[in-house]
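Next up: the structures, one after another.
You will see subunit A twice below: alongside subunit B first, and alongside subunit C after that.
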Partner chain A sequence: MDLLGQVLINGALLGGLYAMMALGLALVWGVLNIVNLAHGAFIMLGAYVSLYLFTYAHIDPFLGLPITAVVMFAVGYGVQRGILNLIVRAPMFNTLLITFGLEVVLTYLAQLTFSADFRTINPSYAGDSIVLGPVVLPLARLLAFGVAIALTVGMWLFLLRTRLGRAIRATAQNLVAARLYGVEPRHLYAVTFGIGIALAGAAGGLYGTVSQINPYIGAALTAKSFAISIIGGLDNPLGVIVGGLFLGILESLAALYVGPTYADVASFGVLVLVLIVRPTGLLGKAA
Partner chain B sequence: MLKFSGLSGALVAAAVALASGSAVAKDIVLGASVQLTGPVANTGRYYRDAYQLAVDKINEAGGVKVGNETYQLALKLYDNQSDVNLSVRQYTQLVSRDKVNFLLGPFASNFALADSAVSEKYQIPMVQGGGASDQIFARGFKYIFGTLAPASNYFGSTIEMMKGLDPVPQSVALLYADDAFDVSVAEGTRPKLKAAGFTIAMDERYSTNATDFNSLLSQLKSKNVDAVLVAGHETEILNFVRQAKSLAVAPKMYSFTVGVPSEDFRKALGKDADYAFGMAAWLPSADLKDRWFGDAAQFASAFKAKFSYDPDYHAASGAADVEALVKAIEDAGTIEPAKVRDALAKVKFESLYGQIEFDKNGQIDLPQTVIQVQGDALVAIQGVHGKIAPPKYPMPAWNAR
Partner chain C sequence: MTALRIILILAALAVLAAVPWFGSDVLIQFGINALLLAVLAQGWNIIGGYTGYASFGNSVFYGLGSYGVAIAMVQWHLPFAVGLAFGVVLAVAFAVLLGIPVLRLRGHYFAIATLALAQVMTAIVSNVELAGQNIGLVLPPLNNDRLFYELSLGLLVLVTLTVFWLTRSRFGFGLIAIRENEEGAEVMGVNTTLYKTLAFALSGVFSALAGGIHAYWVTFIDPESAFDISLNVKMIIMAVFGGPGTVLGPVVGALSLSAISEFLSSEVTSVAGLFFGIVVVAAVVLMPRGLADVFRRFRKTGWRYFAENIRAHRL
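== the complex of A and B ==
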């Protein structure tokens, strides 16, 4: 029983991190209709930004997250204005091609710049844990979970309550009407993409404190984020949290009861099931 | 005027072709496809650098004597981007289009397993120092030779050491990734553990490139496992150790097939690397004499001076591959592939990597030395001749370090 409790907690904490990774992807997908295949590569870049802030400027990885996010926002804004805007009206296939290309370029640039060495963001408390009776809560994962939940709820409120957030949602729902009401989509698209990449960067910083970083982590993270976005649905940031938690717990239980080789089988199996049964996601509105 | 310059251009080109043509005739070209980019570029670089260093050193010493002629070695390397399919295509290209004389190996068992089919098909000998899986040598291939010790015996010396530990570990967990090398390790380790009388409390296979070990770690803790043997890849082992710490899982000992000997691994983990056991079939010792480098210690310092990082057994194995080919070519007295292949099967010499000698399947048999990270140092604990240094055992709880 203790084991099950521990595994459920592990899964939930993992799920929080997953949700954080998928948040930016779901936002960009939902608003710009771009499935950003380079999303994982941006998570990887964010991890390196956090790593360098930590190693050379001695900024704590959690306190450094806002800096990472700002840097990555600028990167995202630039990439959208400079590259993605060229194909914003093109068919989806083109956006897949260009973001895939971006993924490859970013990964190889990262290897040239950072080398293929494995790195970790290792503050003194990274391995600490809180013992609650029979279960152990890893501190860094708990903090990462907290940040993830806070950012997701913050994102939800931002989209719901602020002028900019409403403009983003309006553009996603009806571009023509939004323009008539004075929304300037060129700027708005870049801001949205920037926010998505900033969230990816922050997720990267968290990822580096609990896992390891190398230039090639991106592709697997993109796949995971994609599955979560599908499972949670694109309508609502809260769906991403549900999707992330669901997947984290599912993978942990599969590893415990079926065997660790089946963790990915379970998560991508569920992805297929959701696509068949509830294509709008667990929390999505019925189509 | 135009016509004239075109003609002279053609003449110059012909002259250059002739000059380089005669130079090519004096070269023995060794071809390899190595992971220079992609997820295992980190280990692939050992092979690129070791091949280059060995080739340069042998050329400096006068090259290769074949009968009355002296040849220089040349290296033709491709980057396979850590993609097995691409590496098979590149080996085919090396043999069929580039017409290299002999092949050196890629890194990793799954690559060597696929690529050795090319050397077999074209009957060009491949000496590879990157694949240890017994599967590579179990197919009766005649043109593949390997300088990594058999995967099935990676934990052999570790199990010997475990029998002498105080207190003796009561239960053992065997965790391994689902690829050719690690499955071979597990298949070899299981009967050895049973023969030594250890209880296998957990025997779990996980997906290659898994990043989350929390479920496995929680099970280790709940079953109170004393000794954990992990056969996996460096990234997985980094995650394993970090997550073990964050879940406060501290078995009495753990040992890993990869990572521990590499400087990069210890740097990434910092002081959390302490107490980790591993193994190496090679350590840079001055006792290992070598015709070209003097000895293994000099090889290690030459390597470090040139590439600014420490070589590990991958690098030594790669350098030994070049030496084995050169020795076999000299023994054969020809560069004819089939004759060199026969010479390789009989080759026997001292090298920086140890005694090079292949069994009838084509694989070397070298004992693994148990090593452990102790503070900042990497310490040899137990070798083929018994204990070398006392192990730090049992591993204390994470919060008691």
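== the complex of A and C ==
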């Protein structure tokens, strides 16, 4: 029973992080109608930015997150402005392909620059944990969970309450009308993509503190982010929290009861099932 | 014009068929790889190019074909041909069982669902004892590269003829109708579920055959290499670079990109992997309808062709 409780806790803590990973993908998808297959590669890149900040500048991975986010925002803004804005009106398949191509480029560049070794971001408190009755809460995972949830909720408030957030949502609903009200779409698309990538990068920084990273983690993280967006639905940013927790717990349970190699099978199996049964998401509106 | 074109194609085919008799070992080995990739690109063309369903899961068929041959030859001591047939049966079964539910999805959803299927296959096969789990299987060696080369070329001809048949048959028109407007096709009496599943299976059959030939040629397979997702990247990029939905585009795309990639990897090793990524980004921006369309229209429009493509799709 203790084991089950611990597994559920671990799954939930991982799930918070998954939610944050998915948020950037869902935002870009919902507003720009681009399913960014390079999303996981940007998460990977963010993890390396954090790793380098920690290793060479000795900046704590949690305190360094704003720097990682700003760096990744700039990368995202540049990619959207320079490349993706050129194909925004192309057929869906072309946007999939081009982001797939970006994924390949980023992964190879990372392999050349960072080498293929497994790395972790190991702050001095990495091994610390809080014991709560029968379960153990690893400190780094707990912190990552807290930051991820806070950022996800903060993002939601930003989209609801601020002028920029409203402009982004307006563009998602109707590009032409938003344009008439003075939204400059080239800039706004780039800002939105930049925010999505900044979230991905920050999620990567957190991921690096709780898990091993290498240049190839991107593809699986893209698929998981996608699965979470689908499970949670694109209509409500808080849906990704539900989706993330669901996936994190499911993976942990599958790893415990079926075998560690089946964690991914479970999450992708659920993805396919949800897609087939309810493509608008478990929480989404009916089509 | 058509007569000239047929003569040209036959001449190119004769040259390709003669390669094993005058080429070096390295050239033959490169040829086998390039021809099998061309088969994959052309197989993808059936479901992706003609039917308009962007499958990111065709590597599953390839892996099933590889394992069909490996299991039949290693575990059951059956001949190679039976193994190929077994691989085809596996691929068709997969296409029908998973194709029917997954093909109900459109656009992004279909693409990601197939990508997810491709990602779980490695994990599933790693746990199947018959398939040698994650250690893989070692096939009996057959040191006859000429045979493998001619087999691959034969398969490429077969899949290309099949695609050619699509351009002038009721079935092919049905697929194109589904690509252009699925509801419209349905209204006009096309049994869309049947047609899509058949196209998926047909695409799978050729990918499986390519996988089977490759498995026997390299004599070793494991789950990681058989269900390699980057193979999907390659086949799609090659088909799109050449021209999806055309008969010869994917073949030209596959052979030319293989040659460039091979040249790059011998000159500057680290750039070869990057190459495919850059090609697809540039191709989507500058020539989204592939080389075939460039050839058709470049004479009229000149360099403006590329600028017009950008203007048509930019924000």
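The definition used in the following text is that the second predicted complex is superposed on the first by the 286 of 287 C-alpha atoms of A that agree within 3 Å, B and C clash if a C-alpha of one lies under 4 Å from a C-alpha of the other, contacts with A are read in each partner's own complex, and residues count from 1 in each chain.
Basically, a residue touches a chain if its C-beta (ideal position, glycine included) is under 8 Å from a C-beta of that chain, and two chains touch if they have at least 3 such contacts.
A quick note: this is a predicted structure, and the numbers were derived from the prediction, not measured.
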item	value
Superposition on subunit A - do subunit B and subunit C clash or fit	clash
First, second, both or neither for A:V35, with subunit B first and subunit C second	second
Partner chain(s) touched by A:Y108 [first = subunit B, second = subunit C, both, neither]	both
Touched partner set for A:S129, first subunit B, second subunit C, both or neither	first
Touched partner set for A:L97, first subunit B, second subunit C, both or neither	second
Which of subunit B and subunit C A:G259 touches, first, second, both or neither	both
Partner chain(s) touched by A:P138 [first = subunit B, second = subunit C, both, neither]	first
First (subunit B), second (subunit C), both or neither touched by A:A220	both
Part of subunit B, among the options 42-50, 114-122 or 348-356, whose backbone runs into subunit C after overlay	114-122
Subunit B/subunit C common contact set on subunit A	108, 111, 220, 259, 261, 264
Residue ranges of subunit C in contact with subunit A within the complex	52, 54, 101-102, 104-105, 107-109, 111-113, 115-117, 119-120, 123-124, 126-127, 229-230, 233, 236-237, 240, 270, 273-274, 276-281, 284-285, 288, 310, 312-315
Touch list for subunit A against partner subunit B, complex	2-3, 6-7, 10-11, 14, 108, 111, 116-120, 122, 126-129, 131, 136, 138-141, 210-212, 214, 216, 220, 251-253, 255-256, 259-261, 263-264
Complex contacts: residues of subunit A adjacent to subunit C	35, 83, 85-94, 96-98, 100-105, 108-109, 111-112, 185-186, 189, 219-220, 223, 226-227, 230, 259, 261-262, 264-265, 268-269, 271-272, 275-276, 279
Residue ranges of subunit B in contact with subunit A within the complex	37-39, 41-42, 45, 82, 178, 204-207, 209-216, 218-219, 221-222, 234-235, 238-239, 242-243, 245-248, 264-265, 267-270, 272, 398
